[in-house]
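You will see two complexes here that share chain A, one where it goes with chain B and one where it goes with chain C.
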Partner chain A sequence: MTKQLLSLIQNETLKIWKKKRFYVILIILAILVPIFTYAQSVMSSRSADRFDDWRNQLQEQITDYENTLSSNRIPEEWKQFRRVMVQQLTYYLEQDVNPNAPNAVTFTRGFMSNAVTLFIPLMVLAIASDLVSGERSAGTIKMLLTRPVRRWKILFSKLVALTFYVSLTIIAMAVICYLISGLAFGYGGWGLPVFTGFVINGSDVDTTNVHAVPQWQYVLMQSGLIWFAAMVVAMLSLMVSVLLRSTAASIVTMMAAIISGTILSNMASAWEGAKYIFSVNLQLTTYLEGTPPPIEGMNLMFSLLVLAAWSVGSLVVSFAVFTKQDILN
Partner chain B sequence: MDKQRMAERQGSKGLWRGIALVATAATLLLLAGFVYAVSDVMGLGGPRNTLLPPEQTPGQSERQELRITALGDSLTRGVGDANGRGYVNLVLEGLEEKLDVPVRLNNNLAVGGMRADELADKLESDSGYQYAIRQADLILLTIGGNDLFQFARYQEEAPSVEGALPEGEGALPQDSGTADTPSVGGVPGELSIEALGERIETALDRFRLVAERIHTLNPEARLIYVGLYNPFYDVPELRPASLLVQQWNNGVYTILQSYPDMQMVPAYDLFEATINSYLSGDRFHPNGAGYEQIAERIIQIIE
Partner chain C sequence: MAEQEVILSVQGLKKTIRRKPIIHDVSFDVRKGEIFGFLGPNGSGKTTTIRMLVDLIKPTAGTVKVGGYDVQRQPEQALRHIGCIVENPELYPYLSGWENLEHFARMLPDVDQDRIREVVTIVGMQQRIMDKVRTYSLGMRQRLGIAQALLGRPKLLILDEPTNGLDPKGIKELREFIRMLAAQGMSLFVSSHLLSEIQLMCDRVAIISRGRVLAVGGVDELVSQAGGYVLWQASDTDKARALLAGDPQVELVSDSDHAIDETIISALPDAIVTVIEADHIAEVLRRLVEAGISVTGMQKVSPSLEELFLKLTEGEGID
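Our next item is the complex of A and B:
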């Protein structure tokens, strides 16, 4: 019984591996990360020319925020973000901690936190989108379903294999970021303190709960949250891949959903209902960073619940459809 | 044939074991990170690490370069200069040439619309400001324009934005206790000349505080203050404001005299007969040429 399931999982895992998608992800990372590393190192060497002390640089950043704050042209929602940033940076300054010290761990942290809304979902889609629809277009689904195996087991084994690759992708991303950016910035920064626990009330930042964690712990926490978000995307795209016959259609559908979430969280922060859309909630890392969420009133628990609801729903639909569906042609 | 197949099988078995092992470990690690993150954000984590008290910021050390910190309002920011350089960057370039030593801009901490009371607050509470001032050899300052003219500018409905903000909109924590809030939106025509006169005394008190705090933070640095001008010189009804501006400049001069290393450069004369060549399109800030003249004056008195 479990042996059968295990060999199914093995089969699915190897199938994904043989499709070489994971290589593609690694290659994309190996190309992109050096580009960002280079850009970052140009920027930090330029600011090192200007400022020989990070405190002055940070203060200048604060002043810049304050200057844009005094402009009438900036929408109120953006100002709120800046006000929060001013308070956060001031906190770092008061504690005499450099939030942007250039090193490989800081780079990894920054890259991952920027990748959570688009880049990582895209990588997940590369693996997940054709899990079922690909079998259908290749015609192998008939062979799969004519074997004396319950259908839910087949889908479940696909889900487990998918989970494997989501985890591998995130870990691989962190490792590649660290290894490549370390060449430019040095491999230190593990123990650097990072502040977390900023609580945002409107445009005020409550710092009573703020505490320092070593950066490696922070990256671990952040990766955990990213993993959760990536898993939600994985389950949703599994559902889409069950529902749609064509792999291309399922990739486009999921991409549209994810991109629209990014646009919505940038544009429609006045529309409260948008906070129930899964893709608006993907940036779980904001709660760790203490930056304002896309829509006021969102918090970690809320986002986790919304994301959990979406993934449970998509699992129910996937399994219901996959076990009942007729396979024609 | 069979052997080859067996080997292939063996190989994929090894591959599967490898992937499964690494992936399971990765999943568990990430899951642990997730649980940790959730409990941390929710505040369920154990005792908080107590924060270290901030280190004492190091003061000036021996250097072969001149460090400049610029403070104040939109003039120091360089508003009105189409090239975006403002007088600060011009002074920087000019001094480098004149003195033949590296000149470094520590920071330009000017914020458009800043008033003297806000600056005094910043100097007292903001460690970034304190740090930048402690490191400076030369401090460039413009302040007071918003204390005096905020009301007037608002009435004029000047097209540019900063400084014309209603109170309380600004980014800066405002100490409404000591700041006398300029009454926005008075009757047009009855311009602020009377109001200006009253305002000068309060503003000078605030300025005294600014000078005192800068001196306490860094008694060794030289401070150069750019005097105010009357931006409404060419408006006949507002020309008398020039007298009040002089009253302000006089007061500031008196305050600066009590410190050994504080000086003022005048700018009012630039904006009288030649006001149209030196004032920018917003009719309030200098333009590029105006900033050049101001920079020139600052460079003149540094050797």
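Our next item is the complex of A and C:
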């Protein structure tokens, strides 16, 4: 039983590897990361030119925000965000910590936090979206399902292989970011204190629980959340791959769902029901950073629960359909 | 011949897809060591039936038993005894032949490297087995598909239209190969839309049309039921025709009434098509010679599948 499952997982892992999807991901990362590293270094050298002291830069940012706060033309929701930012920046200033000091670890943290809504899901799709539909369009599913193995075991082994590659993708992303950006910014920054534990209550940032953690610990916490978000995308695209016969259609469907989530979260928070859409909840890292969520009433626990519900639902659908469906083509 | 053990037993199989009945009532048995043909025109439900045999499609009603195990209830035990190629031999193009075999070997209990090497030798693929399947010709994919199907030492091998796309040499090799497997005690289930192919290969046959089995029986038995034609060619066609027409035991068949395969007819220009008892042929031949007509050719032609169908359905036709 266990031996059989291990063999099946070995099969699925091997197939994804031999399809060379993971190489493609590595190549994309190896091209993109240097570009962002360059952009970041240009930005830091500019601000270094303008400010002798990073405290002045922070102070100016705070003044900027405060100016917009006093304006009447800015909508209330935007003001709320600015108020939170001002409080955070003031906190950094009081603690004498430069949040923008460029180093490899900070770069990695920033890159991964920004990648969580679009870039990482795209990488996940590259692996997940043809897991089942690819076997169908190639016809190999007929060989696969006529072997003396229960269908749920086959889908389960695909899921395990997928989990493995999603984890590997996130690790690879962190490692590549760190190694490449380190060339420009130096490999330090592990111990830099980062503040977390902000609790957002309406327009106030509750700083009573705020504490500094070393940046390595923060990156670890953040990676856990990113992994969770990526796994949700993986399970959803596995479901779409079971339901749709064509790989292209399953990629387009998932991309549409993910992009619409990003658009919805940027379109301010008028429609409260949008908070139950999975793709609006993918940006889990905002809760660590203390930036306000796209829609009022969302918090870390809420988002985790919404995402968990979506993944459980998609797993139920995937297994129910895959084990029962007739293979007609 | 003593009745052999039944390997595959199909009883009352039915399938309805989107409220449309596709398979009405299909029943037959395949015995140990026999080559069983499954004959029917395209679209008659052959592939749908085969997919139900191997658990790709769930039947609406009826049972499929392999070696005594129900494919629906105990798929793991039942499928262990089946090797199959459904339609084309589709394998992973990005893996090598060997890696494909390893992949499918992992899905079976007790198949080791030695067995993989063995099946590679059986299908004669030693030279190219380490190359990517992407680079294989159709014939080689077919062989690799068969190697895959043989991995688990199945009692029953199911091949769906195995000669499709093969050249004549490949078809001949395949036929010999299938006979060799049957001689070793394996049962084979071979589908085809060509009667000639089934005649050359199979011991028994089930004939299917519009989702119904029309007849199950020995191939020779069924074919003789449908009769056949004797074609005559002579130096003087008109004289020969007149003589044949005068014989009450010879029935002349006009071009519009027979359904002999066009490729056969076109190879025999000016042939006179007759229906005649076999033991009367010598007599007719003698008379033709006596009348001074030199016979340049005489040939027996089996009925086409279409005619067999006409006989079996009493004039309903195939489609």
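We adopt the following convention: the second predicted complex is superposed on the first by the 325 of 329 C-alpha atoms of A that agree within 3 Å, B and C clash if a C-alpha of one lies under 4 Å from a C-alpha of the other, contacts with A are read in each partner's own complex, and residues count from 1 in each chain.
Note that contacts are C-beta pairs under 8 Å (C-beta built on N, C-alpha and C of every residue); 3 or more make two chains touch, one makes a residue touch a chain.
Here the structure is a predicted model, which means the values were calculated and not measured.
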Three-chain arrangement built on chain A, chain B and chain C clash or fit: fit
First, second, both or neither for A:Asn72, with chain B first and chain C second: first
Touching partner for A:Trp190 - first (chain B), second (chain C), both, neither: neither
Partner chain(s) touched by A:Thr90 [first = chain B, second = chain C, both, neither]: first
Which superposed partner A:Phe119 touches (first chain B, second chain C, both, neither): neither
If touched residues of chain A are counted for chain B and for chain C, the larger one: B
Contacts of A:Phe302 with chain B and chain C, given as first, second, both or neither: neither
Which of chain B and chain C A:Phe36 touches, first, second, both or neither: neither
Which of chain B and chain C A:Met221 touches, first, second, both or neither: first
First (chain B), second (chain C), both or neither touched by A:Met143: second
Touching partner for A:Leu14 - first (chain B), second (chain C), both, neither: both
Closest approach of chain C to chain B (Cα atoms, Å): 6
Chain A residues contacted in one complex by chain B, in the other by chain C: 10, 14
Chain C - residues contacting chain A, complex: 17, 51, 54-58, 75-80, 82, 84, 86-88, 90-95, 99, 103-104, 106-109, 148, 152
Sites on chain B touched by chain A in the complex: 12, 15-16, 19-20, 22-24, 26-27, 29-38, 40-43, 48-49, 51-52, 54-55, 57, 77, 104-113, 126-129, 131-132, 135, 161-165, 170-172
Complex contacts: residues of chain A adjacent to chain B: 9-10, 13-14, 17, 50-53, 55-56, 58-60, 62-63, 65-67, 69-73, 79, 82-83, 86, 90, 93-96, 163-165, 167-168, 170-171, 196-197, 209-213, 217, 220-225, 227-228, 287-288, 300-301, 304
Partner chain C, residues of chain A touching it in the complex: 4, 7-8, 10-11, 14-15, 18-20, 138-140, 142-150, 324, 326-328
